[in-house]
Amino acid sequence: MLELKNLHVYIGKTHVLEDLSLEVKLGEIVALIGANGAGKTTTLMTISGLIRTRSGTISFQPDMESSRKEISRRKVEDIVSMGISHCPEGRQVFTTLSVKENLYIGAFQRRNKKDIKDDSESVFNLFPRLAERMNQRAGNLSGGEQMMLSIGRALMSRPRLLLLDEPSLGLAPMLVERLFERLDRINKEGTTILLVEQNASMALELANRAYVIETGRIVLSGTGHELSDNKEVQKAYLGLT
Amino acid sequence: MSNKLLHAEKLCKKFGGVTALEDYNLTLEEGELFGLIGPNGAGKTTVFNLFTGVIHSTSGNIFFKGHDVTRSRADKNTSLGIARTFQNIRLFEDLTVLDNIKIAFHMHYGRGLFPTLLNLPGFRRTEREIEAHSLEIMNFIGILNYQDELARNLPYGDQRKVELARALATDPKLILLDEPTAGLNPKETEKVMKTITYIFEHNKLTILLVEHDMKVIMGICRRIQVLDQGKVLALGTPDEIKRDQKVIEAYLGKPRAKRNSHA
Amino acid sequence: MSLYFAEQMVNGLILGSMYAIVAIGFTMIYGILRLINFAHGDIVMIGAFATLGLVIARLPFPIIILVVLLVGVFMGIVIERVAFRPIRGAPQVTGFIASLAISILLQNTGILIFTAQPRNFFFPDYLQRIVNIGQITVRVLDITIIVTSLVLMILMVILVRTTRIGMAMRATAENLNVARLMGIKIDRIIMLAFAIGSGLAAIAGMMWGGKYGQIDPLLGFVPGLKAFIAAVIGGVGSITGAMLGGYILGFAEILFVGLLPPSFSPYRDAFVFGLLIIILLILPTGLLGRKEEERA
Amino acid sequence: MELKNTKLFFPILIASGALLVFLMRAFMNDYILIIVNFVGINIILAVSLNLTNGFTGLFSLGHPGFMAVGGYVAAILIFPAARKEMLLPELPRWLAMQQWPLLPALILGGLCAALIALIIGFPVLRLKGHYLAVATLGFLIIVRVLITNMEKYTRGPLGLNGLPSLTNLWWVFLWVVITIYVSWKIKHASLGRSMLAIRENAMAAECLGIALAKTRITAFVIGAFFAGVAGGLWAHLVTAITPTSFSILMAFSLVVMVVIGGTGSITGAALAAILLTLVVEILRPLEEFLGAYGISEIIIAIGLLAILIFRPRGLFGSSEPSFLVKRKKTPQGSEAGI
């Protein structure tokens, strides 16, 4: 579905991604794990078009029927309309907008009012807390609620592929567990997910496959279980010795 | 009690309505290498900003070498002996590496306007001293080859070294290192950690180290504090921390046994 | 005395209305791009000259309003396209210098075309007519200025608060990159902010000419600056704040001149800018602005 | 970095400058000499503004305000007592009696500007970026309003005319040399490095023990001093001074010089001052010939926009050309250290 091939990305003069390649297949949850500053966020931003590549290709095929398209030179809004939705790090909801407005703005490119309303209903189903606070300013929500809103907002564009950047950031363990259950559900309902996480053990548990990134390069890849059994990964990212 | 270098009690910091740090306490003994860990957004950088005086606490107190530095400005704290590095490197990008280091000597050696303009002998001597000391530190850290290079042109890993050298140049008692290995590969990480342990022993410093990499921090710190969502979750030796159930759940994720039963 | 006071209040209302609608444009552009656009005041000048030309051409007044509005919109779009878009992403100060350059450019183009000599400005007679409200006498024009401004401001609030595009503007002002991730075409939103802001400024120019009776190519700079001050008082980035700030500044200025002994009135501009410096220092986010915390 | 090679380099540079001044005064006509004087005064202004804007990154538009202060102070002090009685009859007696020579009057004018910079600097320099720019612009407008209304001392909007024509190329040359020397000396010393550090990253500078407020004020005050001196020189070159002389347009042209030269570069600021003054002087006859007033400002504004778009770091970046500064050889064998 999504294939990154030999990506090189620079921020200023810093070579942030070096020859990075990875693949996400239709229907999968793929996790990308690694330390701070390894290039996880940059990878997602490159896919969604916020950062331009120096070289390499990103190709995307929304579903089986449609054709493969090279997207590394496309505009952000075109990439969104092709079916990739990026939920950025640090629950960046629009704090001055209401919860409902945040969801509606997630569906900005869509015109069918009824569909949008239905979809916001299903987000409220997924995260009932949001329904209760529908008309409040998003800035008044708690951290966990903002994270849910951020994910809900990303779902409003009806993405084929959801890019999630550190959804567990700063959430209490109980909440993280619940959040991951929801992600599982979203995936089962047909959305492919590329997940960036620090909480490696949870991410590896949820994901079908995973990549380990280190200073802009993929150093390991495999199924979630393979990686969580890998001694190196355990030592470095799971804190188990 | 006499060895107490830094003491923070009941620190609380709010940004707007969000509590970044709550009821935070820490006592650093002189000459220890202390680790501070926690997930992203746990409040580690806030702790650093409070200690250095970049921001000031909403309530609570900080003492350094017996002085109350709760409301003290960052440059005052630095002159008292608190130095730091930044998580997102903050070099003086358009200046040469040598000038970057020299700037750190300004506080102790730099002369004011009139000695500078009149080119007094004292001024010429301090300029020579600053240059000599800077080269010495650059040699010590291993960045001498970059002296005329603009800081912005250095590779990431070496930029971190420049930050470290710059912090050392302020002649600190306490160094706060904010994720010095972020963005480095394992090889570079190992090198940086070696450097840190070396300067720790060589310069008789106290170090407060924020890290993400468990391996690193478990390896070199004798005491570790764990932060989560602005609160202290645990404090203890690496072994104690590793076994602490709360820490494992919050920071490391659920234990394996439970995970498998889930799957 | 109370009659005098009432008349001063009307003057404050007029001046405040004009500041307010210029300030809206300032604040919208700042809110989205963090750009203090000095050239904004010069759109006021362009609006004034456009009006004069159209009045001389004897067009019907409603058409004049429409055309002036469109002239402003057009200028806003051109300036954004040609000067500001190429430097987007550069440090704030670069944008600021660029806006100064555009301001100088517009002023001197004005001098080139119209010479620096002030010209008499006139409106059709029916707008100059004087009416009595209670004991206060005002021109029809004055009422028109106040009412038109109010209508424009209400429309602005409706646009920003309730429409889809207004929602997108608010989202873009809060976080440009995340707005892009929502599929919002920010280039269009930015252009729209320039277009609307400049359209309003041009209308303000029409009012300015009518109010003071004389126009010259440099007339826009000082009111532009004052509208910026109004935006700062209200809290830069907040549209309701800009309106509030406009009226506060308008009244403050009129009261300063009207209530203090006449020997103080030459110091009016010094007072206004002194006020600006004080507000920047003690209340940097203004009355309704949001705080922008710098976190390390 | 040390000054190039020998201790003689700068004396030689100054001596050749002096020779040039001598030759120009001997062979050039008055019209050209006046232009050269303007070039010199603009060099003083641009280089001193560069000290504030370029080194420390304080974006100030208040420079003409300091010029005005220095200019009026010098003018009132120098003005012959007899003429003062006529033009400014309400002047306090002690002031009316003064009749100073140029140099001390220039210095006192500069000091007054510096004092005002010190007073307004404490509150205003806490502002950042373009807020500071707007506040200093406000300061400029306030200065102009005050001068316009303090008729007892300034004759208000009429200004003072018939000032003695004291400024000549030697005086201008002297102050150009002093301004450049001071800037150069500061830039290549610890003090200047701490200013540059603040420009580059204020938070990091503060965490290295640099007192932000004190350093910023130092730069601001020195810049204001030279602006004040330049104001005095300017007034006694044009032999008249009015509040409108110190315009926002002037603030703008000075900023343009710093930006074109490359923020922080002394050589750049000086060259940009020369370039811009000459362009204006060349365009002026054209303007008059065509009757197309405003065209030179239009050309400058377009040029500036082009530089901002295509060469955002200015002509020289923030460094000095390499023939003026000695660079050390990079030592070989680098992987020393730990």
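Going by the order they are written in, the chains are A, B, C and D; count residues from 1 in each one.
Rule of thumb we're sticking to: a contact is a pair of C-beta atoms (placed from the backbone, for glycine too) under 8 Å apart; a residue touches a chain by one contact, two chains touch by 3 or more.
Because the structure is predicted, anything quoted here is derived from the model rather than measured.
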Target subunit D, source subunit B, minimum contact steps: 1
Between A-B and A-C, the pair joined by more C-beta contacts: A-B
Separation of mean Cα positions, subunit C and subunit B [Å, integer]: 48
Distance between the centres, which are taken as Cα means, of subunit C and subunit A, whole angstrom: 42
Rounded Å distance, subunit A centre to subunit D centre (Cα mean): 54
Computed distance of Cα centres, subunit B from subunit A, in Å: 32
Sites on subunit B at which at least two other chains make contact: 54, 86
In subunit C, residues with contacts to at least two other chains: 296
Where subunit A touches two or more other chains, by residue: none
Subunit A-facing residues of subunit B, complex: 17, 39-42, 87, 152-153, 155-156, 179, 181-186, 188, 212-215, 218, 229, 242, 248-254, 256, 259, 262-263
Complex contacts: residues of subunit A adjacent to subunit B: 12-14, 35-38, 90, 139-140, 143, 166, 168-170, 172-173, 177, 198-202, 205, 214-215, 228, 235-241
Touching residues on subunit A, where the partner in the complex is subunit C: 48, 50, 76-77, 80-81, 85-86, 88, 92, 94-97, 101, 104-106, 108-109, 153, 157
Contacting residues of subunit C [partner subunit A, same complex]: 164, 167-168, 170-171, 174-175, 177-185, 290
Residues of subunit B defined as touching subunit D within the complex: 52, 54, 73-75, 78-79, 83-84, 86, 90-95, 99, 102-113, 116-117, 119, 123, 126-127, 130, 138-148, 166-167, 169-170, 194-195, 198-199
